[in-house]
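Should a chain be cited, it is by its letter among A, B, C, D, E and F, assigned in written order, with residues numbered from 1 in that chain.
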Amino acid sequence: MFYTDGKLQFPVRVETPNPLFARALQQAIGGVEGEIRVAMQYFFQACGARGNPKFRDLLMNTAAEELGHIEMLATAVALNLEGAPLKLKEEVAADPVGGAILGGLNLKNLLSSGLSAMPVDSDGVPFDMSHIYASGNIAADMTANIAAESTGRTLAVRLYEMTNDPGMKEMLSYLIARDTMHQNQWMAALEELGGTRGAFPIPNSFPQEQELEEFSYAYLGFMADGSEPAPGRWSEGPSIDGKGTFKSMPMKSMGEEPVLGPARPNSGAQSEQM
Amino acid sequence: MFYTDGKLQFPVRVETPNPLFARALQQAIGGVEGEIRVAMQYFFQACGARGNPKFRDLLMNTAAEELGHIEMLATAVALNLEGAPLKLKEEVAADPVGGAILGGLNLKNLLSSGLSAMPVDSDGVPFDMSHIYASGNIAADMTANIAAESTGRTLAVRLYEMTNDPGMKEMLSYLIARDTMHQNQWMAALEELGGTRGAFPIPNSFPQEQELEEFSYAYLGFMADGSEPAPGRWSEGPSIDGKGTFKSMPMKSMGEEPVLGPARPNSGAQSEQM
Amino acid sequence: MFYTDGKLQFPVRVETPNPLFARALQQAIGGVEGEIRVAMQYFFQACGARGNPKFRDLLMNTAAEELGHIEMLATAVALNLEGAPLKLKEEVAADPVGGAILGGLNLKNLLSSGLSAMPVDSDGVPFDMSHIYASGNIAADMTANIAAESTGRTLAVRLYEMTNDPGMKEMLSYLIARDTMHQNQWMAALEELGGTRGAFPIPNSFPQEQELEEFSYAYLGFMADGSEPAPGRWSEGPSIDGKGTFKSMPMKSMGEEPVLGPARPNSGAQSEQM
Amino acid sequence: MFYTDGKLQFPVRVETPNPLFARALQQAIGGVEGEIRVAMQYFFQACGARGNPKFRDLLMNTAAEELGHIEMLATAVALNLEGAPLKLKEEVAADPVGGAILGGLNLKNLLSSGLSAMPVDSDGVPFDMSHIYASGNIAADMTANIAAESTGRTLAVRLYEMTNDPGMKEMLSYLIARDTMHQNQWMAALEELGGTRGAFPIPNSFPQEQELEEFSYAYLGFMADGSEPAPGRWSEGPSIDGKGTFKSMPMKSMGEEPVLGPARPNSGAQSEQM
Amino acid sequence: MFYTDGKLQFPVRVETPNPLFARALQQAIGGVEGEIRVAMQYFFQACGARGNPKFRDLLMNTAAEELGHIEMLATAVALNLEGAPLKLKEEVAADPVGGAILGGLNLKNLLSSGLSAMPVDSDGVPFDMSHIYASGNIAADMTANIAAESTGRTLAVRLYEMTNDPGMKEMLSYLIARDTMHQNQWMAALEELGGTRGAFPIPNSFPQEQELEEFSYAYLGFMADGSEPAPGRWSEGPSIDGKGTFKSMPMKSMGEEPVLGPARPNSGAQSEQM
Amino acid sequence: MFYTDGKLQFPVRVETPNPLFARALQQAIGGVEGEIRVAMQYFFQACGARGNPKFRDLLMNTAAEELGHIEMLATAVALNLEGAPLKLKEEVAADPVGGAILGGLNLKNLLSSGLSAMPVDSDGVPFDMSHIYASGNIAADMTANIAAESTGRTLAVRLYEMTNDPGMKEMLSYLIARDTMHQNQWMAALEELGGTRGAFPIPNSFPQEQELEEFSYAYLGFMADGSEPAPGRWSEGPSIDGKGTFKSMPMKSMGEEPVLGPARPNSGAQSEQM
């Protein structure tokens, strides 16, 4: 169950409203690496967490934090949209600047939401909840969370570099710090789950003797000329999960050309296929 | 550039076609944790790889492998659909089994594709390419790949447990082994990129003194009663990236209630908002 | 900013787990009339609310409530999935019941989320955030909210009728009651905004003399034979907004057949179009 | 069954083609508050209308009208795209205006449709038919229609304010007038269905004694400090549906922390979860 | 502009309602090869038709026909849903049949639309208007229409084979006949546009000497072993458009391994990429 | 199974990077008429091909080619993004040009992918795999392929006209040539399948006496005034498939107004509908 205090988690101020930056900030709200994604991902992972309840607590607590981040960013979008042009110049030639700004906006931020934020990305594409990865495997979920925070911090850094507004830079320096923590936090949770050697390969509950172990630690090459693939840490030495040794080998097809057999009568195929 | 030999990477055989299992296999083709996702993700990451070209090679080589996995699974779907009913019984009561199978299929596998595979998941939802994470940050990409292979192997294991068909179990034992390798492979690449302490926080090119460091390693609590959040590895000890020390503290709102100001004239708001 | 206490807003118990009902409940989570929709809709409306701050408070407070409803329903889905079959029978003919249940599930609830809830609807389609209506016009938002709660309560009633489980009926009787309140609540907000006669036509800030008033209160008929359309309250008497009088008339095309002119050279059209 | 006369319902003329306005107009075609939405929504509601056939007639008649509105807007988009640049300047610096226009377009209007309209919104996002609300409950449908026309008229007003073209202003003054009528029309239909007191809570066929009536007219507060939520018409006095009395109270969690129990063997979870 | 007469284009009757067939029919409404697609495709092609106005007339006239087909199918869906179970059996084991039917439905047809049709496909996926192909090239549009009617008739035939209901078979025999006509109709339009030799390659307005003609009629082989690709009509003889001669040859990469150069500072990449 | 050689199929060079052209090129990657679509369409058609295996070979071979085209275009996008601005000017008025370029980009190409290509179209909309038409009917598939290559070549021509960069023009002249071949190639395959008279109406396995032949070759008119529809090749003479004779006639509704009967109790409808 959730509560609110109606206030912002961290101050949001904009010294010079910039409608183009509002568009960019939308990526941090409704982009696949944005805050709706992490808020909802941690929320659904929490709701499905089985086993030690400390992970449910960890996930739901952080979901609450991320909801507040969406709120901060939505406020920042609205403040940056202040002063956006509401009128198209009849003669764009006479005022390219206004036209450029208007053309550069997500028009929906003006036409659909009246100068406020929307759950869309920086190109106006709505967020699709299929991006909520909650697998029922707590370690797999942690890898998805590390990935989400890694792309999320990358985005926040890009936004930080894009603006010169002191208020926006301050807000982003807070969000970047939180992404640093969250990357570490989910790695810490993975450590509690056994770390690289205990948790991997995920799921660790599957008996590895049932997989085709000949291929479990082989770096296969798919070069057209049959040459060895480019070597690296992945082609020799102990595997990272500590359960095998990397090797490298060119791959050849082991199966035949598949034959599906003729189409069945009344199946809507052409006569020539039957 | 890509080439084919028209053959299957690994043999695909189905002893007893099972249309419901065909539906389940669709998740491994068009699900968000399926093979289209990894094939296209590695492909686009390769196309955008900057810096040491060995990562481009690694990624494109593995993309080629995954394309062959889609082909294997698509063949498996078609073979399992053999014998699916094409006709609805007038009286389902007289034959519940046929009705159950037909009702249990993705009907599109019958109506749209004529008993063959489609780029959709196990509930018939088409794959959406927004799931291709290719961030321009090679380390962030590796975390996304580890996550993809972790959820991917979890799915493959679930499919393995679901079927008793020897041919399908053999095919899946190969795919599970490959997922084991790929989890390890991307972790190995991350190790080449500096490992946990060198690569994190991602992106490692951003000067940490520009983030609000007070919050960089703090596990904040959002409990309504102001209590400490549940402790764990994430709340004390050195941070996983080796650049700070975890601490824990309840969080309070630092900002005020946001005020956007009145709506502008001619902005489509109600008069009461102006 | 949001907080949690880790507990459920209302008790969720399931006496007899029913995987098919789990599927049905998914509609109340990720359907277009479900709880993600209302939670996020009120949240974004709050973030963009201009004018009297009491509406921001009202919206954000109710957003917090709805987040707790998602949590309740996600718990109910997981509990109903207990006991779902994880294995396909080799011979469905020998056990139609298990096959029917497995075929009747959203397979993603098993394959992707490991027997827990997902942000998808009852057919496994992920929620799309374009359904978050937050228009920047507070009265238009209220109409969208009334609509959301009307379809939402309709759904909850259908779920209530579908199950015989006492725990589920109790949970739904709470949610139905809340939908009753929320329908009334948003109508009350509309009353504060002037009610039918003060708020409509929305937006009320547009001078009606600028619309083509001849058509503002006319029920136009589009019957192929030119007859009058079927009469009703909408074709005679004072208009509901009190600003006009309904009339009825068959409609004829007032424009000509549009002519776009030839395609431009180099525009990718056929030569015959130029 | 539908017929056409090949002409436009209302004249569409553009004095000064403006490609940026073409982009804006796309929102009125393929936006969630646009004309495809209402045309298809009324159409599907008509097809599913049960009970008094006058509502089917009303809905299908208005669906026919809205189809003509899409046609008008599509013509307007094509006319505004006349003169759009087909060529990128090599040196944008030398001609910022052309570049601004090209950058400001939905590029698909040029690349995919050859300077004509598409069923997409103003940011190029295709319309998704999940926005067609047709609930099988005729009163719920009316609330969805009032909401659609309220956001639709808000959009039309914003477009009207954005342009100075006399032809476009005239066309929009017609469409705004029709939205005025349609808001009133659906409110009139709701009045025929019993009005606020007869139709609500929707669905009115559910016996209210089966809902948890203690919560049916309570404005619950979710403030973190346990304070009363901000009062309003929604917290005291008779409820709008006339069936209860509003009250206000802070809410506390009534359920416990949910416990799902351990993961099942072979379910793809980690060993630690079992 | 469109008109209606409120009647069905062709009689729709269902002797034995079959909820599973209702689900199948949804594919013909909201599937990518369904009637919404053709209705809207012809409509948008008409709205963007440049050049000889007879094509606009042809397209808009057929759009009107297809709207009536959606109406027929939506009626058929509702009639087939009559008698669908509204209640889940507590003990599915005791009544597998009812469970199978309920599990086999698109649950949204029950939960969201109250036993009526929706703009979704047979797996409950909403139609996405990006499937409306209207290219601004009238010949390309005709090829898209032939394709739409070819997959459409294939679907209609599959539905015809699936049912034994005389009323449904009669309705489908009408729709199949119309698809026959429409395949021919669009081929006839292509013939008016010059036929295979006049219209192709599409667009025919592009001077072929500007394409790299060495590759214009070559069947390139991408076999990993460098062998010739399998021959056919496409590898020898005059080309179908009459403008070249087919040849066949194995392909080799003509470009180098691409090198993008290092990542830019402040671009969010890892330090190792710069 | 697929192989790669890590090189480009055809050289890709950009003399003057143009970020706006990068945006345009995205349409050829992730647009519905782009290269992902054809690569995956031919791939899935190959995987489901029944009957003569030469069609599987043809399709899979061409799928391999198209994968290489995506790679070329993705490289071109990255090269054109070189030099894109990473920073918003504080005062756009002072530098309209930079602002115009930044506003004109797909911002995701900068924020999400770090100046590299994504599987999205020119407006940033991700590719949706529902556009992969693989019907199980080999002739229907060929019509879909002709349509894909017709819209694809139209797009390539528009891109060619849009740029003056010699490298880009050269690359596009290759891709345009390949589209010429592919249009011809699929027409050649259709010829092998019997050509217009042998393959149509598709599917040709359905006995035409089971369709309502009275309507199989009739051009029906849906003009509101009951007049004959505009004549053309489609209204007289032998049908293109050689199996009938075109005729023309105005259409009248043959069915009645549909009546669905009252809503069922407990179905969530209003009382007035029961």
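In this text, contacts are C-beta pairs under 8 Å (C-beta built on N, C-alpha and C of every residue); 3 or more make two chains touch, one makes a residue touch a chain.
Predicted model, so just to flag it, every value in this text is computed and none were measured.
Novice: Return the chains shared as contacts by chain B and chain E, ordered by label.
Specialist: A, C, D, F
Novice: Return the chain whose centre of C-alpha atoms lies at maximal distance from the corresponding centre of chain B.
Specialist: Centroid comparison gives D as the farthest chain from chain B.
Novice: Measuring between mean CA coordinates, which chain is farthest from chain E?
Specialist: Centre of mass proxy via C-alpha means gives A as farthest from chain E.
Novice: Return the chain pair with more inter-chain C-beta contacts, choosing between B-F and E-F.
Specialist: When E-F is set beside B-F, the one with more contacts is E-F.
Novice: So how far apart, in whole Å, are chain D and chain F when each is placed at the average of its C-alpha atoms?
Specialist: 28
Novice: Between chain C and chain D, what's the gap in Å when you average each chain's C-alpha atoms?
Specialist: Centre-to-centre distance between chain C and chain D: 10 Å.
Novice: Chain C: which residues touch two or more other chains?
Specialist: 1-9, 32-33, 47-48, 50, 56-57, 61, 64-65, 68, 75, 78, 86, 96, 100, 103-104, 112, 114-116, 120, 123-126, 128, 130, 135-137, 139, 151, 154-155, 157-158, 161, 202-203, 206, 222-224, 253, 255, 257-258, 260-261, 263, 266-269
Novice: If each chain is a node and each touching pair an edge, is that a line, ring, star, complete or other?
Specialist: complete
Novice: Give the list of chain A residues in touch with chain D in this complex.
Specialist: The contact residues of chain A facing chain D are 1-6, 47-53, 56, 86-88, 90, 92-93, 96, 99-100, 102-104, 106-108, 110-112, 114, 120, 123-126, 135-139, 193-194, 199, 202-206.
Novice: Which residues of chain C touch chain A in the complex?
Specialist: Against chain A, chain C makes touches at 1-9, 30, 36, 40, 43-44, 47-48, 50, 56-57, 60-61, 63-65, 67-68, 70-71, 74-75, 78, 112-120, 126-130, 132, 134-137.
Novice: Going by the contact rule set out above, which residues of chain E touch chain F in the complex?
Specialist: Residue list for chain E touching chain F: 3, 5-12, 32-33, 54, 57-58, 61-62, 64-65, 68, 72, 75, 78-79, 82, 86, 114-116, 125, 128, 130-131, 133, 135-137, 139-140, 143-144, 146-147, 150-151, 153-154, 157, 160, 170, 173-174, 176-181, 183-185, 187-189, 191-192, 196, 200-203, 206, 208, 210-224, 229-230, 232-234, 239-241, 244, 246, 251, 253-258, 260-261, 263-264, 266-269.
Novice: Flag every residue of chain A that touches chain E in the complex, lowest number first.
Specialist: Residue list for chain A touching chain E: 154-155, 157-158, 161, 224, 266-268.
Novice: Looking at the complex, which residues from chain D come into contact with chain A?
Specialist: For chain D paired with chain A, touching residues are 16, 18, 20-21, 23-24, 27, 31-33, 96-97, 100-101, 103-105, 121-125, 151, 154-155, 158-159, 161-165, 222-225, 253, 255, 257-263, 265, 267-274.
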